[in-house]
Amino acid sequence: MILNRMKWTIAFLSLVLIGCGGGSEERRVEVGAREGVLHFGNGTEVQGLDPHIVTGVPEHHIVTALFEGLTSKNPYTLESEPAAAKSWDISEDGLTYTFNLREDGRWTNGDPVTAEDFRWSFERALTPALGNQNNYMLFPIANAEAFANGEIDDFKQVGAKVIDQTTLQVTLRTPTPYFLQLLDHYIAYPVHRNTVEAFGSYTDRISQWAREGNIVTNGAFELIEWQVNSHIRVEKNLSYWDAENIKLNAIVYYPTENLVTEERMFRDGQLHRTNEVPLDKVSVYLADDPDRIVIAPYLGTYYYMINTTRKPFDDVRVRKALVMSIDRELLNETVLEGIMDPSYALVPPGTLGYQPPKIFAYDPDQAKALLAEAGFPNGEGFPVFELLYNTQENHRKIAIAIQQMWQANLGISVSLLNQEWRVYLNSQENQNYDISRRGWIGDYVDPNTFLDMYITDGGNNKTGFSNQRYDQLVLGEAPTKLNQDERFALYYEAETILMEEVPIIPIYTYQTKSLRDPSFKGAPSNIMDHYNWKYVYLEASE
Amino acid sequence: MPLLQVTDLSVYFHTRNGVLKAVDGISFEVEAGKTFAIIGESGSGKSVACYSMLGLVPMPPGKIEAGRVLFEGKDLLTLSEAKLRKIRGKGISIIFQDPMTSLNPFLTVGDQLIEPLRLHFPISKKEAWNKGIEILEEVGIKNAAQRMCSWPFEFSGGMRQRVVIAMALVTEPKIIIADEPTTALDVTVQAQILKLLKELQEKRNIGVIFISHDLSVVADIADQMAVMQNGRFVEQGTRDEIFTNPQHDYTRKLLAAVPNFEKPEQENKSEQNLVEVESLHIQFPSNRGEAPIKAVDDVSLDIKPNEILGLVGESGSGKSTLGRAIIRLLNPTSGKIRFDGQDITRLSMAEMKPLRRQMQIIFQDPYASLNPRMAVYDTLAEPLLLHKIVTKKDLDGAVCSLMDSVGLSRESVLRYPHEFSGGQRQRIAIGRAIATKPGFIIADEPVSSLDVTIQAQILDLLLELVERFNLTMLFISHDLGVVRYLADRILVMKEGKLVEHGTVHQVFNSPREVYTQELLNAIPGRTLTD
Amino acid sequence: MATSTSTESSLLAMPKGVSLWRDAWLRLRKNKLAMFGLGFLLLVMVVCLLTPWIAPYGYEEQDLRLGAVSPSAAHWLGTDTFGRDLLTRILYGGRVSLLVGFVATAVALVIGVAYGAIAGYVGGKLDAVMMRFVDILYALPIMIFIILLMVVFGRNLLLLFLAIGAIEWLTMARIVRSQVQNLRDQEFVEAAMSLGLSPSAIVVKHLIPNALGPIIVYTTLTIPSVMLLEAFLSFLGLGIQPPESSWGLLISYGVETMEEYPWLLIFPGLALSLTLFSLNFLGDGLRDALDPKASRD
Amino acid sequence: MWRFIAVRTLQAIPVILTVITVTFFLVRAAPGGPFSSEKAVSDQVKAALEEQYRLDLPAYEQYFAYMVDLFRGDFGPSFNFPSRSVNELIFQGLPITLELGLYAMLIAVLIGVVAGVCAALKPNTLQDYIPMSLSMIGICMPSFLLGPVLVLVFGIWLDWVPISGWGNSAGDKLLPSITLGAMYAAYIARLSRSGMLEVLSQDYLRTARAKGLPEYIVIIKHALRGGLLPVVAYIGPAFAGLLSGSFVVETVFQIPGLGRFYVQAAFNRDYTMILGTTVFLASLIVVFNLLSDILSAWINPRLRYQFRK
């Protein structure tokens, strides 16, 4: 009697399980393609939308849709294109840029976009009280650095002048060929003054202005909905001056921290594009579904930095031995599924045609010899040291492989130290590490964004490396050269010094890898992994 | 035509270690309005016989080997489960032994009472509720309507048994099986319950099967009787036949076990008291609002060396609380306690330790007073080692001699409490109490939950130990008959106050208090002794 | 009662005081399922102990070219994405997981039982304060607590086990407390008091043995949850550092590639669940063996 | 009854206050602050950041300022999401996690009790071993394993059920609830089995049978109430454990619940968010312990009697 009552409840339970799942209704991706709504996997959750406060790449994808700087980047050539500024002209000495704004530039609340908006936005971005972590990118503007460090407090001395309502004149500290590229970074985007000041002082980080319902923007799309950890939806901004040429009706961004979950969502047809691809799945997609996976070079280098202030890493021979005993080809073929390019220098090859020097190669015997020369014949007496990396699937795999290579080739033992993100950053800031993983993505397409890191006591130089000649070349001579070839020659010489001293161990040049639905068009892969939302469109595949 | 006719019923239990013949061919009849009593010690199969008739014995391991049980023309043993259920609780219902556990603690009394009604008769909840109130009043529960909604734990033992009886009667059954209904109750309450059963039986002309191990209880109410041993009726007949000339020696042994002997007067010359208690007050905080409960209210007494003082009173009179206070298991609210001349009222635990050796206690429930996970050896060895009475090496000898002195076989020293019968466990508890050779022992109702025959043996053991180790004992009990057998002097306690004291002879023959007289009348089996 | 014929001398020779465990062992032997459980556990422990000698490969030994291959003659259980032999990884991982399981549970057991027994026996104000302290510990954010411990004390396994143990004892304390509270009013406790036993003796000799049933059941539930908590922490980078690993960690990596390399998930999963099943059967058997009444059939 | 609730809530206040204080300083002791970033940051910028979030004040001053805000019910701004306040994020995340927890516990109780009662009715037979071994799976299979397996089988291969999101498509609440509930179902199965075994040996069941009640009424009406007391006592504290436990499920199924905020905050050193979620966790623990005590009292009147003391 009691038994069949139990059976009855179990039967009911399984019925519920079957009943509620319908057949495979139309996938979200197909619906999106038809309605022009892009579903975009965006990586970690976006911290905010205020261009002068946020820092990460996920924010970049959204802010570039909502706001528009003076220039924008052509996704195919990465050249600067007119955006809020109709046109501009540069003085011969390359120091003065005059921008002519569009008359029909409008904010979403109808106000016109004026030169004063840009001037005031530069001032806000550089005001020390705001604590903008990206403000160093505006330092090429005359006196910008002095204003940002609080040495001067009158913004009039800074080289940004309003000529008239639609003309803005910017004067630089030294001629900077890549300055136009800086202007399409969101640090240089305008913000709507009245909106910002309606919600508190313009230097308040904690303010409600940059949220759905309050935010006023001047870009191709406007913010409709933002549910934290769930999704952000932006729709075509009809009052945008170039609205007719916008092909997408809406974009929905999803926070997809977990690579594996993101890949499953893609396979379930919920995303047009994923932010990343788990390494183990790369070979599967390359084999079975090649047209859904896109791998493209990326302006970034994955390297290890060595703390040269610590014994025995102060000896350049030890550093050279470490660098030469890593078989990058093997590492690439196996652990990295053959999709990354081994790198032997800091600057990624082909950055606007610049080719970095290649001084060393994989040579375990010479490495062993150098180590013996340095007093550690096949590794005896070499202290156990820690290889630090932050918790992430790919870093773990690479670290394990390299640990094995050093062990096999040099006979030295390495203990892997896997630290949680903030602890890892803290260890790096206080230079409390032996060897640590490091990655750097260029802010703009120019060797300088890499080489200016390792000047003596540079903010990002945590290796203790210092070389006068190097500083002289990067800070002194290169910026003065207008001609690109001359400048690149100086950079080449500087990088050669860097690679001889080897405070860093380059491992591979970044490649972006993402899964894409065939209907996702107008987003060519480029080394900045930059999406220009005016070019992107969806084609319903038959 | 008898209501119920049972002819050579036998029920065997097929367990892993062989077949146990619980009931081996018994036959009897029950007439309307008459009581058929079955007497036997625990384990004699008397309960199994009655329960198997209603299919309440789990089969397997039990199995009805043979027999016929005719009730209203149908043989119960061959009925299907569904048909048998129609009779259970309607034609025949049962009153169980321990009221504390036979009521569902999670349902109100009313719900449990009307349950059989709603099951067997098509009547509405309201009607059933009223019928329930009626039956509660009939079994003597005051303001029954209100009590219907209260919970079982809010009733005293006696009240609960009345509810169980009401539950059995509410469906107006033809036959009631009463399985030792009063064994777990105080003597006075037992008397009231037996009187109630008698009245209800005559009023409703019900046939009653009364199971018991206590001849004196059965003497008052049985019409027909049978003495059962190891599954068989060794003797059967009317009450007078059995009591006047018992044929079987087992029956004679049962009759002899009824305590009616009075301890001869002994003069106790020593002036000096072992224990003196002066105006002792013990109060427990009641829940908010009402005044604190006065468990012991201004009691003074003294106990002379190797005297047995009987402390008698109903449950709830505070006698156990007094006992525990004297050996400082409880802290009294006020008053003085002196032991062997020393004031021990306010001693700290450390200071009490040496004295602990002097005084010990024996509890009522043999199942709860021994640590289930400690072998008998360790239970006896613990006091010996704690008070360093013997050294490690001759510990075994001491334990064995203790076993001998309480009459237990040495081989069983390594076994666990659950492997012993109630009587044997009480012997272990006594062994533990005398291990430290104490001067003073408190026996808190040591025999109340034992069969009558076992009771007699334990009482004899206690008397022998008092003699041999010249102990002084405070014997607490609700049963005057037992106290009379053992005590030199008697104190009677009622609601925390001492109402009477005197020698055994004085109290039994010329009680001064009305309450004491009531207690005396409640002793079962008066008809036997007079 | 069956009469035994052992003479008085042999009877007395037996060690006293440990009879509870000796009897429990006699009863446990009769329970086939518990014996299977105990057997399998011992097998796993012995194998894990001998790992350095019997493991076919070094646990760090990589063959990057090989990558992940399914079970073959060379590698009985196949290899992981680094070409490391999975069987070796499971053996070494077993050492860590069992160590975590038993040490952390032991810590939880000792603190939990002591804390719960004191709170249960003393009762009143102290009990209320102690229980509120437990509530506080329940509410503290475990993640931060672990991050702090890991960073302040550096990277050793023992520390990880102690940290995990320090989290798991809370529920054990609660269970022991309610058991002790029920037992405290039993008459055999009053009898022990009247003997003059000190409160600590009463708790240790009388109360805790009678609370062993639920304690054992909960212990057999703590071990799996401790192992999985270790995996969760290591997965987040707060626990075991590569290239070492534990069953939990192997499973969490296996999950990510379960479609391409299913054996990376199945074998560690089997190892863990078989061990936990046998642990569970042993636990049930032990609880019945320690409860003299239960096993008398 | 109300007096008991009042006493318990009074007792809870010092508990929650202590939790806040301990967490407040514990969090600051952990290395790496909310603003440490990969790119080097100039001192002026760092000073400005700290000044905006009052991190430049000495710790105890920060503490008092925080407590003053707290009493006004303001949990402060989230460090990690500058344009959002902690209150807002919690009120967005909490209902979702509670709903997930409720469904999970519902499933756990349903499966657990059925399995436990089945096993208890015929101990040490197949009908006992099968449910108990199945429940063991719930213990051995952690949510970070069970979740992906369910998604793979039911979500992708069979495509019966959506594999992510919460509430925006039918049936997307099913898999996460099962994943979270599985472990609790295992515990509840074992608890209800031992609870039922204990009750089935009681005398009052024999009384019920003697009344002629059919077996299943005896079990459901009389045995179940007493048998499930240990389960009720377990559910209270277990429910509070759901918050941190739900992190894995929320990550695997893309659910914007509080569990995810809770762990994100820990990793981002979002002090105010950590404190906010911890305060809610502490009050959840107090509330659910209280609820389970009240429910136990509702079942077991003797406990209700103690309330009046």
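Each chain carries a letter (A, B, C and D) given by its place in the written order, and its residues are counted from 1.
The rule is short, and it goes like this: a contact is a pair of C-beta atoms (placed from the backbone, for glycine too) under 8 Å apart; a residue touches a chain by one contact, two chains touch by 3 or more.
Keep in mind it's a predicted model, so treat the numbers as computed, not measured.
Interface comparison, B-C against A-D: more C-beta pairs in contact at A-D.
A simple rule picks the central chain: find each chain's mean C-alpha point, then take the one closest to the mean of all protein C-alpha atoms, which gives D.
With centres taken as mean Cα positions, chain C sits 45 Å from chain B.
Averaging Cα coordinates per chain places chain A and chain D 38 Å apart.
Put simply, the C-alpha centre of chain A and that of chain B have 85 angstrom between them. Per-chain CA centroids place chain A at a distance of 46 Å from chain C. Residues of chain B in contact with two or more other chains: none.
Those residues of chain D in touch with two or more other chains are numbered 30-31, 148, 152, 214, 267. Within chain C, residues 147, 151, 255-256 each touch two or more of the remaining chains. Pairwise chain contacts present here: A-C, A-D, B-C, B-D, C-D [touch as defined]. Those residues of chain C that touch chain B in the complex are listed here as 1, 3-6, 8, 11-12, 14, 16-17, 19-20, 23, 186-188, 190-198, 205-206, 209-210, 212, 290-293, 296-297. For chain C in complex with chain A, the residues that touch the partner chain are 60, 62, 64-65, 67, 81-83, 147, 151, 155, 236-238, 241-243, 255-257, 260-261. Every residue of chain D that touches chain B in the complex is listed here, in rising order: 202-204, 206-214, 222, 225-226, 299-302, 305, 308-309.
Of all residues in chain D, only 11-12, 14-16, 18-19, 22-23, 26-27, 29-31, 133, 136-137, 139-142, 144-145, 148-149, 152, 187, 190, 194, 233, 237, 240-241, 244, 248, 262-263, 266-267, 274, 277-278, 281-282, 285-286, 289 touch chain C in the complex they form.
Residues 54, 56, 85-90, 93-94, 96, 98, 101-107, 115-116, 119-120, 151, 153-154, 164, 167, 287-288 of chain B touch chain D in their complex.
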